[in-house]
């Protein structure tokens, strides 16, 4: 154990089914330092946090404090050891007032009764020091997102933790509030010698306030960098990693002459906003165009696609082939020829039903609820789709449960293709799919894009490069940059995604 | 700081919901008196009828706050009533143990429900439906028809009151005080948290399943108290007495602000709702609704009230 | 020699498990029949078996509706079916005195559809949990039956009805309705949608399935079938002895369906029929041993509790 080493994470591993979220993570954390935890999509950052705070049980590995192994069986244990976190999705109770959220499970009592005076005393002083001005008696459900964020952060600080995780704490904060937060972080680092692990998708923030950067990629530790001695570009390159074998040496090749985007675009979006996640996005997609959406996870790409499909309420205008439409539900979207494939197959496939049932579902719906099932035609169609998409299965009557992730995704896609959509929305469908299936799906999309408008979001944009016409990078709900032609290079796009700037 | 404290207390006692419920109660009572001025003469005995319902409503509220439901409160009350009267009539247990027995049975029922839902994590809707069958059946086994009488001193208690105070006042005061004692106790915050967002409660180190177990146990205590008053009112043991009460208790809790998804609800409002609902029954009677239409009208009004409340809340 | 791997694979295959779920209640039924023969010789005589196939019909019809509701999953349940039957019994007894049978059947079907639709609307549009909503509807039907007859005895079953409710007519009716529902569930788009909703409600919504409409349809059908079974109950007992006579059947229908392997998105009516037969035989045992209503209630409660322990538990918070 080194001088100043306070915490040691050894061999932490966690898998969810076949997906390895965190693999053999080992590192030491010193007291009085701020570590920036960075990594691309699916790198494992949030999972790592939840492993140390006792929310998830690691498959393997141990956590040591001052050389002694900690037994963490629940968040309560972690708290006892001085570990706290402000979570990305907040851990607040909406129906309780702010003050009770801050003191949840640590309320002061007098003979068993809630000691309101002491509660207020404890919290008021604390909030004062932080410079926070939120009424303590307000219910959390009535707070704005930025107020909730402030409360979440305050909650993590109230027990004066020795190891503090801040997972995307600046998402909803204003410039001013962010400065305040950084000031506070540096203060407690210096005065209380707290170890802080800071996660943010804004790479410059991480550089501003952290001493070292811990880089994760695909659940594994890449390296730990001293931020005084290394440049941002180096760290970003470490995050991006090596080009995958088969995509190395990729050069842009213009797609075979496709009908120029003539006349009206198939789908046209103007000033689309979705809650706070998508801000004023506009784009057009023509017939036969495949538009790739890039950027870090959570920058609004999913919300954008889901709003067009009617899963989320939106503001703005959508028009199809020149006609204005309002889409309030998936039924509306389907009626207008818009099909959506989610990255989470569990949102789209029916595991207990057979392949052919799944594939024909939407088509059957359109025929009518009272109509009988046409088994022979269904089977023939399913066989056709199975061949076309190369779905690995025994026969069309097999329940989808037996198919691997990639093949399930193919079934999901086949269902949408069956109804000959005009617009195809793909929301990170290749996530967790094996290489071969990925290629097959990409080929099919490329082939069938002929008369459709395709919007394709992928958390791993390099896979899309062979088939897209252009790429739009999302950052904090806006499109910050478009990449076309010769610029369609993975490294350029990744950099723009991480840096969040057009340059 | 003074201001914050006041605001907080207002939040804890859910002022808005409480006032709505008091309004509802007073409205119904006034309507009743207008339609039938004789009501004023019987107001204490009608209100006494509301006391078991008030306790059952609180029992239901406590469980609803944690995000579960209890379909067996009526059956539990029946069982407590029947067992105690049986013990008196056939085993001569007519002293203070008569009262104790009500509470023990109520607690036992609550603990069994708590184990099934809280510790074994069974779905509370169906789980308590199952146990309600067991309690009802058991009650019928013990007494297959209404039997009496109850111990004389207990009967006199309800006639003359305790030290001169009518039982209706004691009942309402007891329910109010017990609720306030609970509400200003630290554990009630954990109840609300577990119902409002169990994941956040878990992250804060709260054992949500244990909380649900405790909720059902407390629920059992309230059921026992409800049974105590019911026994005094009907002055007998009746194996079919509890049947209509479960639904009404749930309705009282919902008017008292509870949601099926948990996290909210106020006890004072529930008690007032119970009184209001009891007078509603009386109102239907006073309006001259013939006896054979009373069940139908009452159920329709219950549905209507529920629909209004769900609609106003946005059906959460 | 069967290697361990193969046997495990067999047990895990969905097809195998589906067959087992379907066949188990029938195996239990057969075993119970043998037990019945032992405790009461003559149990297996054709005459007695016939009577079982007759007595099972009302529960069988109610379970058709319950099966469809339970297939929808997501806490959908219908405990108003018994009260539909009770009310229909009373209405039939009343109207048969002065109206033709076909009209009476239309009236009770209307009752069933109306209150069934009410269930659907209440659960889907008012967001009242199904357990509460259908319970209230049951109480409404109970109150309705008292109101309509003004608290007096409604009347007696007519010869027509009695004939309708005896072998073989009643069993054939059950058979026909069973075939209809099996066809609907397995061979129509509606049936596909019902299974889809139960299997994965999120995906169902995302695929544009009209979930609210289907729920209303299913609850309406359940109500209609419950009401129809009331007519046959009248044919059995001739005079309704009390209001709410058939209330207890609601829980039995749920148990029968669950015993038949029905759950969200899984199972079908064929299995549920097995469950109905099992419960009917158990009921006859109760009668043979003179087990009164009270103990029966308890036993159903205990059975349901045990089934729930196996099928219906919440998931853990810490993974």
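All chains are identified by letter, namely A, B and C, in their written order; residue positions are counted from 1 within each chain.
Definition applied: a contact is a pair of C-beta atoms (placed from the backbone, for glycine too) under 8 Å apart; a residue touches a chain by one contact, two chains touch by 3 or more.
These numbers come from a predicted model, not from an experiment.
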Pairwise touch network: line, ring, star, complete, or other: complete
Farthest chain relative to subunit B (centres taken as mean CA coordinates): A
Selected interface, B-C versus A-B, where C-beta contact pairs are more numerous: B-C
Distance from the mean Cα position of subunit B to that of subunit A, given in whole angstrom: 46
Chain centre separation (subunit B, subunit C; CA means) in Å: 31
Multi-partner residues of subunit A (at least 2 other chains): 55, 74
Residues of subunit B touching at least two other chains: 199, 202
Junction residues of subunit C - those touching two or more other chains: 318
Subunit A partner contacts - residues on subunit B that touch it in the complex: 1, 4-5, 7-12, 184-186, 189-190, 192-193, 195-197, 199-206, 263-264
Subunit B-facing residues of subunit C, complex: 75, 77, 79, 122, 126-129, 131-132, 135-136, 139-140, 142-144, 146-147, 149-151, 251, 292-302, 304-305, 308-309, 312-318
Subunit B-touching residues of subunit A, taken from the complex the two chains share: 53, 55, 74-76, 79, 87, 90-97, 99-100, 104-105, 107, 109, 112-114, 116-117, 120-121, 124, 135-137, 139
Subunit A to subunit C touching residues, read off their complex: 55-57, 74, 311, 329-331, 333-334, 340, 342, 346-353, 357, 361-362, 364-365, 367-373, 399, 401-402, 415
In the complex with subunit C, residue positions of subunit B that touch it: 69, 71, 116, 120-123, 125-127, 129-141, 144, 198-199, 202, 208, 239, 244, 247, 250, 260, 290-300, 302-303, 306-307, 310-311, 315-316
